[in-house]
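Consider the two complexes below, in which subunit A is the common component and subunit B and subunit C are the respective partners.
== the complex of A and B ==
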């Protein structure tokens, strides 16, 4: 614009310059005083989490193998064009999507159902809740090993023993259905977490509303679908968000259950195999990881929208 | 919820019990197998057997593999405790600056913290490995302490911010009028009220750090290895190992299990506040 500036506020008695400057200096000082407590955490996070990504970006444009040692050679987008045609990478990408989406959805649905069951008075309520949260606390490596050897295993697994006792043949679950075996363990671990979040949601429901609905003659299912479920929405969103963040990065379960393979290598495991897991092709592996970042940013944009919904209205309060 | 039909209510209670036992079964089975002889564990599932503590003696003596339990436990304890303390030291003032006296763009800053959790750690592992090698901190506790702090910090900032929102403003203003410094406000007014939230946050940090395997196995395979790595070292390619592995798994899981059981109610409250407020 070329017109003269319009005064932002109508102030009929303009303050003297010195006082104005004084106020601005004061505001600046106040802004810094507010920022100061934030800085250590912010700087730490930037240095530890962002700097490595800049390195990754640079590596991804080079041809660089560590074993046998080779010089780093700039090759532009060569690694990325390779990647588009690499069927192993595409398969890993698809495994990642399936593993994350199915595990998150199943554990949210099961977790909600269990939370509803737990949110009723019955004998031993607290004890059953303790039983139910236990899988979430189990070390992922341990969870993978226990399911692999002692539950799903074809030699000494309890499930196969049960199948045989009932007259069915035994099934090599982990080698025949690697993806679904891993998803089973993930759902076992994450259902309790979702249940905790939903339980928190159910317990924050005001009793008076439920009471009023019941007095008005609403049915139990009517109350659930028309009052409880809308109330639970932000909790459901939080569960999906946190679950996705952690489940998209699954590594431990794959490592101890299958050690990777056509149906169970997700993108994180793929990057690992191609680099420090034995491939040692750092340039190429960096390109894969940058693609993971891009995909994550797409998911994150969606996720952050959910978050900003959660934070809405807080300023007004 | 109160139920009108007592039979229906009873059956639903029974169903909940059944599902609870089903979910707990793998853990129960693991603990049980840890008290067996290998011969009893490596056969058709046995519920009754002569219990023995020999597997626990085996893992304590550490005759298999290079990493002893004592070493792994000490390394884990260091990494978990120091990183959690660091997280709290960094997150408490940050949460203050995002809630009680918020900086101008607090929402963007909060999003930045959370967004770092969306970036998969695997994408950073190569440069981290190279940087750690250059700094000569591969296979040390220090490298895990730094990374676990970074890993848990966003979650902690986010949860603590929500708890701080709950502190009545009048109390803080009164402390400010009395001339309390920032540290004074935090230690004498905010922390006592937000203590349950602080505990829930610390507990989640401890769980995630104690159970972390990926970074530990990539960066510290030789020295400074932690408990999850020690557990996997009990998998043997020669001979039977199920009972021994079960004993090791039980020992590795127990600290977090107990902490989680004790603090479950607090955790539910913490997650709820972290969710909505």
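== the complex of A and C ==
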């Protein structure tokens, strides 16, 4: 009978493992073969980011001042509860929010406008595109210094020279408007980044859809607001989120331009001031930095979700 | 509804010297279904895009109805276009896609909904009105593109290979529906395709384009039975017409291998004026017959394509000292096999083309 033949053949089989087991082993081997080359990088990343993070977490639960040296003392969530009442921290938090939101929004709007202008054929297109990208390639410290001394400064600044030439008095921009001076530089640096993302979005839009809209009677602005902008939505979200993640941790510009004067100290700079920047209160500074990390993780989670949505959308198209 | 007229319309793409569409003259009657057909690069899509206003017209003019639309922007031409990839608005629902053009015209919401619902009913799209295009099948997307065109009740429909992204079976089915729909609506339609079966089955008239030039514009039957030139003869018909270079001779007849095809007096005189002409015979006008001296042509069977209802027999024959292949349509379930020796006899009209490709008879 054929029904008895099946168990018999398994009993008689000389191999000690079943086919299922063999397949599982093969899959495990295959999985390791993929994981192995990544392992050194992974270990390195864990050592330089996750281990210090755990230390910070521990420090944030202690009262620990280095200068003058004192013993580390476990105080639980004391540093965190202090945050709510610390006026300087609240001011830094507000500066962080204002600086990030305004810079991101302005650079997204300007970047989109430039991308729309650049997304059409004209003579010298490649040259103009390269020029527009340049600010993003400048180091943050250099950007801060150049703007501080050569553009906004009262001694050598081009802007003040222009104002004086036109008969207006010179303005000490950085000390009178510290926050807005820094925002200006951030927008200048981040507009090209937003422009590149939006340009990718515009170029992923099929021409025929725009032609269909033209034939259907939509005006140029109608096409932009009804067709192009909804298409750009995931790209806008991505730009806003990536920009937020980067701009919430701005440090260089503040350090070289204002050195953290009133109105321009954001949370990262505040953490610096409280720890190695002179405060030497490591326990408290660690608590601030943990708060920044938590905020960044929340933003990044949304960012990754948007990014995966974007990729899925392209698969379906 | 309106007639459409191309008057020496020319399009030369920037950076090129050769016209993509070269002095195109076409008169399309009110309510007519005109199919523009040609190989790729023939300028057929460009001709359609010129009518849509998506392509600049370098010379000549285009009229819709009595109106010269040469310099009129697309949105003021009162046309609706169906694109090859459908070009649906991906972020909008099916209903919003179909109502988009009406919304641009400022038509009130109730009226829009009524017209969209009506079009959806005609196209069996009612269950899908709230879906996004990416959640539709290819055939459904095609119907949405059609729906977007018909809700507008435009003067002219423009269709740019609307069926070429569908699978073979759906294409045949949709083709029939399309012909039916156009006949019901009676809207003047210009339809571009590279598929000559679509051209022959859909069109009231067919225009054949090659290298930007109009080769012939006629009814499908006329196009098939009296192709105006050698290009049309070879392009229309599947399998293609047998085209062979033959000596003009004294005009009393032409020699196809060892077979002589006699010619009438007038045709003979025009053939006799050229040293060499092209002889064209469709496969169904040839037959396998018993050998009969110089009235038949001997050959050897190389391939038999048996389709059941009919069979196309590819036969190697000696012609002008070279081996050439001729296709003959035979009965289905035929007994002919590869390497059989057969004789070919003429059983229908022949076509003769001069050295420039022009028709002689």
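The rule we apply is simple: the second predicted complex is superposed on the first by the 245 of 317 C-alpha atoms of A that agree within 3 Å, B and C clash if a C-alpha of one lies under 4 Å from a C-alpha of the other, contacts with A are read in each partner's own complex, and residues count from 1 in each chain.
Here, a residue touches a chain if its C-beta (ideal position, glycine included) is under 8 Å from a C-beta of that chain, and two chains touch if they have at least 3 such contacts.
Keep in mind that this is a model prediction, so the values were computed, not measured.
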Touched partner set for A:100, first subunit B, second subunit C, both or neither: neither
Touching partner for A:132 - first (subunit B), second (subunit C), both, neither: first
Subunit A residues touched - subunit C or subunit B, whichever exceeds: B
Partner chain(s) touched by A:123 [first = subunit B, second = subunit C, both, neither]: first
Which of subunit B and subunit C A:213 touches, first, second, both or neither: second
Subunit B versus subunit C as contact partner of A:284, first or second or both or neither: neither
Touched partner set for A:79, first subunit B, second subunit C, both or neither: neither
Touched partner set for A:292, first subunit B, second subunit C, both or neither: first
Subunit B versus subunit C as contact partner of A:222, first or second or both or neither: second
Contact footprint of subunit C on subunit A as seen in their complex: 206, 208-209, 211-219, 222, 226-227, 230-231, 233, 313, 316-317
Of all residues in subunit C, those that touch subunit A in their complex: 52-54, 73-75, 77, 79-81, 83-85, 87-92, 100-101, 104-105, 134, 148, 152, 158
Subunit B - residues contacting subunit A, complex: 1-3, 9-10, 12-13, 15-17, 19-21, 23-27, 29-30, 33, 41-45, 90-91, 93-94, 96-98, 101-104, 107, 109-131, 146-147, 149-150, 153-154, 157, 165, 182, 207, 210-211, 213-214, 217-218, 227-228, 231-232, 235, 242, 245-246, 249, 252-253, 256-257, 259-261, 264, 267-269, 271-272, 274-277
Of all residues in subunit A, those that touch subunit B in their complex: 31, 34-38, 40-42, 44-45, 48-53, 55-56, 59, 114, 117-124, 127-143, 145-147, 149-151, 155-156, 158, 161, 188, 191-192, 196-197, 199-201, 203-204, 210, 220, 234-235, 238, 245, 248-249, 251-252, 255-256, 267-268, 271-272, 275-276, 282, 285-286, 289-290, 292-293, 296-297, 299-300, 303-304, 307-308, 310-311, 314
